Structures are given as C-alpha cells and as structure tokens.
Amino acid sequence: MKFFLFNILLLLQSFLFAQSDWKRWEAEEISYQRSDPHRSREYSFEFENISDFSVKIFTNSYWFFISEVDGDNCPYSPSCSSFFIASVRETNPAQGLLMFFDRFTRDFNIFNRKSHYPHFINGQYFDPPSLYTLEASKIKYTPPVLLTSDK
Amino acid sequence: MKLFFLIAIFTFSLIFVKNLSAQNEIHSPKNVKLFADYLFCEKDYLRAAEEYQKLNGGSMNDTVAYKIALSYYSSYNLEKAKESLKLINKNSIFYDESILESLKIQYLLNEKFNIEYDESLIATLKDEKIHSAFLKLWFTTNLRYPLPGVIDSEENFLDVFEEPLKSMAKELFYLRYYPNYKNPETAGILSAIIPGAGKFYVDEIGDGVMALLTTGIFVFLSYDNFRADHNFRGWLFAGISSLFYAGNIYGSVAAAQIYNARLDYDFGVKLNLFLEDNNFFIPHINFCK
Amino acid sequence: MGSFNRLVVLAILIFIDSYSFAQSNYESQFELAKNLMSEKKYFDAITEFKRLLFFENDDENIFIAYSLLGDCYKAGAKFDESIYYYTLSEINSKSSGQIYDAQIKIIRSNILRRTTNRALTLLDSLEANLKYSDKISEINYWRGWAFIFSDKWDAAADEFSKVDSAKQLSEFCKLTGDKLYSVPLVKAMSFILPGLGQFYTGNYISGVISLGWNVLWGYTAIKAFAADRIFDGIMVSNFLWFRFYRGNFENAQTFAESSNLLQTNKALNWLQTEFTGLKP
C-alpha cells in the first residue's frame, strides 16, 4: 500500500508544484459558506439617461412578472433580458434592439451550441454584447471551451 | 616522534572538523547551490530562483545566472526573467542562448521588439546552430508582430526553415498574409436579400436557418392576419417580423466580424503551438541529468 | 606522557563536539522553519522544511517535517498539496499513532476541500481498523464535520450526539436542520397547485403571480380546445401554459434552495467565526 501510494505521489508531485508555488502566496482562510448558484437579477433603477431608465422599467417589470415565474429558460449568460440592457448601455436603444433580436434568433438554434459558445460549469453559454457592437476592436474572441469566470 | 604524532592528530582533527562543519552548514554557499539545483530539477522554479540569487561572489557563475533566468521564465515571472537575462554578460557561455530567450520573452510579453536585427548582432552569434535558431525565431515571431523589411516574401521567410518545419511554416505564412476573411458588408447584403443567407456565408448554418424561419413565420402570420382582416394583429406581426429581419442583417454583419476574429485567434494559437512544440527553436539544455 | 594523553583526549573531544554541532545544525534549521511558520510566513517555511528534508536522514524528523509541510500548505488553502504531504508523512511514519495522526489531517483537508465523500470513506476505514477502537469518539466528531460540509445537518447532529464533548454542536446542527425546507416537498406542492410551494416558502407575491399566469393560460388553452381550435390550444398549452407551469415549480425550488442556503451559510459563518471548538 505504501509502495503504491509512493508511486502515485511521485507522479503527482511535479504537477502539484507546477500549479501552486510559482508565485509567492500568503496565508488564506477559506470561507465555510457556499456561493449561490442561482442567477441573480440586478433590480436597481440606476440609470445614465432617459432611454436607460425606460429600458430598466421595462426589463424590471418583465423580470418580476414573467421571467422569475416562467423558469430559467435562457441558456446564455448574460440572459436575453440582461443582454438587452447591456446592449442598450453599450450602444444606443436602436442598435441595442437589433442586437437583442439577433440574440433572440440565435436562442432558437438549439444545435451545436457547445461547439460554438464558451460555457460555464453550470451549463450556461457565454455570449456577451461586446462581440456584437460592430466595433471589431471590442471583439475579444473566446473559443468554445469551459470557462471558470466571466472575465 | 611524539610531537609529530600529536601534530598529525590535531591537524587531522581540525581538517575533519572544518569539513564536517562546512558540510553540515546547511546554508553554506555550496549547500545552497545544491539545494537550488534540486529545486530546479523538481520544477519548484520560483524557490530555485530565490535560492540561486542568494549566491554571490565565487559561487555565482554563468550556469547559475542562466538558470536564474530560466527559473523565472519557467514559473511565468516573465518580467523578472527579462531582467535576469540582461545581467548575462557577453563573455558568458550562455550569452547566445540568452539572446534567444530575450526574444522569446519579448514575444510572450507582447512587446515591441527592441532587439535590433543587424549584422553586428548576428555576427556575435558564432555558433551555427544558434545563428539558425535566431533566424527561425526572429522570422516566426515577426509573423505576429511584424517589423518593416523583415519578411520580404514567402521565399525569404521559408528559406530559414528546413523540413519538416518548412511545411508548417508555410501554412502559418499563408494564414498570416492570405487569411480567408469574410466581408461583413457582403454578409449584410446577402441577409438583406434572403434572411439568413449572410449567416450561411459565415458558416453559421443553424443560425441562418433560424433567421429564415423566424422572419418567414412572422411574415406569414402578418399576411394571414391581414387576409383575415385582423389588422391590429397583422401590423403587430409585421412589426415583429421587421425587427427579426433587421436583427438578422445586423447579426450577419456581426457574425462576419466574429468569424474574422476567430481566424486571427486560431492563427495565434497555431503560431504559439509551433513555437512551443519546437521550444522556440532554442537548444534545450538538460541541467538535470 | 601525561600531557600527551591530555592532548589526545582534547583531539577526541573536538571531534565529538563537531559531530554534535552537525546534529544541532539540523535542529536549528528545524527551529528556523518552525519560527517562520509561527510568523505565518508559510511560503518561506516551506522552503526551509524542504531544505531540511533535502539534507536530513533521520526518519523521525522526516515524518514531522512532511506533516508540518502539509500544515503550511493547508494554511495557504492549498489542500491538494497539503494532502500530498500528509500522505508522505503517513508513508514515513513509524507507528500506528503517527499513521492515525496523518490520516486525520488528510481527512480534515478533504473536508475543507469539500471532497467529503473521500473524507467519509477514510473515516469508515479508520473506524473499521481495530487499532483505533479507542479513537471512535474522534472519528465520529470528524464525521459530523464532514456531514456539515455535505449539507447533511441531521446526519451531522446524529454523529455529534455520539460524542460527549460535542452535545452543543449536535443541538446546533439539529436546530439548523429544522429550519431548512424540504425541497422535494416544496416542488411537489407547486406541482399539485401552482404557487403553493411559493406560499409555503413565504414568497406570497410570486405565488400569486405564478397562480395567475397558470389560471390565465390554462383557461385560454381549455377554451381553445373546447372551441375546436386545436392548433391554438396546442400553441397556448405548449408555449405558454406548460412554460409557466414548469417555471412555477422551478421557481418554488429556487426559493426553497435559496432560503436553505441563507440558513446554512448563517450556521457555517457562526461555526467559522464564533465556535471555539476544534474545526477542520
């Protein structure tokens, strides 16, 4: 048993060193608490201009009366409604609307998503508005791999 | 005789004591180097670099200086690796390798090259192998960050490679200078003529089919309702179908841009793989025999 | 002759002294590493322990050094590495007591890493080992913690109740477990009547909205079927009524899980910050 353990450890050791000790680190206490895996909504009414405010009223109402009660149907992150808000903020209401309808169309395509979009461990596909603003310099292409964060 | 015997015992004892103390002095320069070599071979690179840097004077030599840089590079401390390489002087046996390492690190740091490609630099690289490696590395990294006048032509680029590297280098050259980009305007126009056609153009078949279906269905619903004199519903579905139609054109233009960004990304990945698979053309020195 | 013998003895004493100096050199290295550890300079402490192990031959020191290496990595929340070194200390152990200590440390790291199934398996194997029949109390104690980290508060309460010194913990776990909603029950309630699960979890407005949508689309669909508008009926049933019906018990589940998470996180926070007993 000890011999077996020893051999496994020999194989593991270079992998372990490779991961953790290539940067100086300090003591760290992990929190016992768990994170909430459910999608959270930003219900605040903070706005930058009048169109932002109108969009916020519309989406907050949509979330409260419809989206929260009809289940988590959107396979994307951000969700379609959050995508709409972010698109309007990043561009303008008209362009944001077009981006939203394009996203809605892509939402209907249930085939080959995994080979097309990067995805998180919870199964949601990462599809940020920054890819669709028509400004090529803003496009940060991410291949269809498993992501650990949305940064 | 007794005196001679006594002196011999004392001398032996003192030498033995000195050696034993030196050996057992864990933090002596000799032992620090031994430990640092061990850490280096165990891939505990940051610790190895920190141990090597404790050495000075007689214990510091060309190999140690070079291994400091290698240790920092191997633990992804690229800035420190770059600084360590600058300290390797021209008389070092690893000076040529340090030039190649510097070029590699500048590439990895996405920095503009400040190693001037001139004949005097090439002349300092006396070893033929290093000279050839430098040219390969210089030309390959220039595919990503081109400097004027470096790559004049396909022949000029491929000349520095021998098979089997030449075929991969050729592929990379074509990916860089003749990429199969899609025209966003073309994608938009195609989708304006037939909804979804622009998406087919950029290989998004599923999205193209959905764009065609959604636009088609809502147009049909609008027509059907107008025919049945349901004017409100007719206009409602007409409005929705217009939005889907406009969104499809917009999305096709964006899809073409994303397609091109993907080509650039894939090129970068292939280039990095080519460099890494060949160790950036730098001769590998096994310090852990 | 007498002075000659004295000088020979002196030479021998110098030799013995240098040999013991070599030994105390290792001890001072050990002290250096432990001092760095007590100053919470764990990265440097690890370097010094590794240096000690590189030059050390004494088995006793090797076991302790590996164990302390594991402690350093654990302090940095690097549990994979800590388990690796605890395992090395187990391999280099010389007594069943040392093996036990090493295994308990491995179990505690597994608990913190939330690989609690592994921790429970190891605890079971320790319990089955007759050499550790006098350690059953401690084994049950760590099993309780493994259940806490697996979110099984009732099972944790049961385990702590078997440990004399952990009655308070047992009560605490039982109280926490009592505050949690049964997620299958909540889902079943919403399955039977849309909105009922939401009412049960205290989300009345959401329950009313959910019930309202289900009533509206259900009425619309039935009316369409009754009027022989089959296509309309299928469209409303499939895209609206079923969507809101399914959404209703997903919503109830989300409320129950979120509420449970709030309660368990409160409990876990208390355990981490206020509880003064032994923790993983």
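List of remarks:
Note that the chains take the letters A, B and C in the order they are written out, and that residue 1 is the start of every chain.
Assume contacts are C-beta pairs under 8 Å (C-beta built on N, C-alpha and C of every residue); 3 or more make two chains touch, one makes a residue touch a chain.
Note that the structure is predicted; figures quoted are calculated from it, not measured.
Of all chains displayed, A has the C-alpha centre closest to the centre of the whole protein C-alpha set. The chain pair with the larger count of C-beta pairs in contact, out of A-C and B-C, is A-C.
The distance from the centre of subunit A to the centre of subunit C, each centre being the mean of the chain's C-alpha atoms, comes to 27 Å. The centroid of the Cα atoms in subunit B and the matching centroid in subunit C are 38 Å apart. Residue positions of subunit B with contacts to 2 or more other chains are 44, 47.
Subunit A has residues 13, 21, 24 in contact with two or more other chains.
Listed in rising order, the residues of subunit C touching subunit B in the complex are 4, 7-8, 11, 14-15, 18-19, 21-22, 25-26, 29, 47, 50-52, 54-55.
Considering their complex, residues 2, 5-6, 9, 12-13, 16, 19-21, 24-34, 36, 38, 64-66, 68-73 of subunit A touch subunit C.
Contact residues on subunit B toward subunit A in their complex (touch as defined above): 42-47, 74-77, 184, 206-207, 209-211, 213-214, 243-244, 246-248, 250-251, 253-254, 257-258, 260-262, 264-265. Per the touch definition, subunit A reaches subunit B in the complex via residues 13-14, 17-18, 21-24, 95, 97-102, 104-106, 108-109, 111-112, 131-134, 136, 139, 141, 143. If you check the complex, the residues on subunit B that touch subunit C are 2, 6, 9-10, 13-14, 16-17, 20-21, 23-26, 31, 34-35, 38-39, 44, 47, 50-51.
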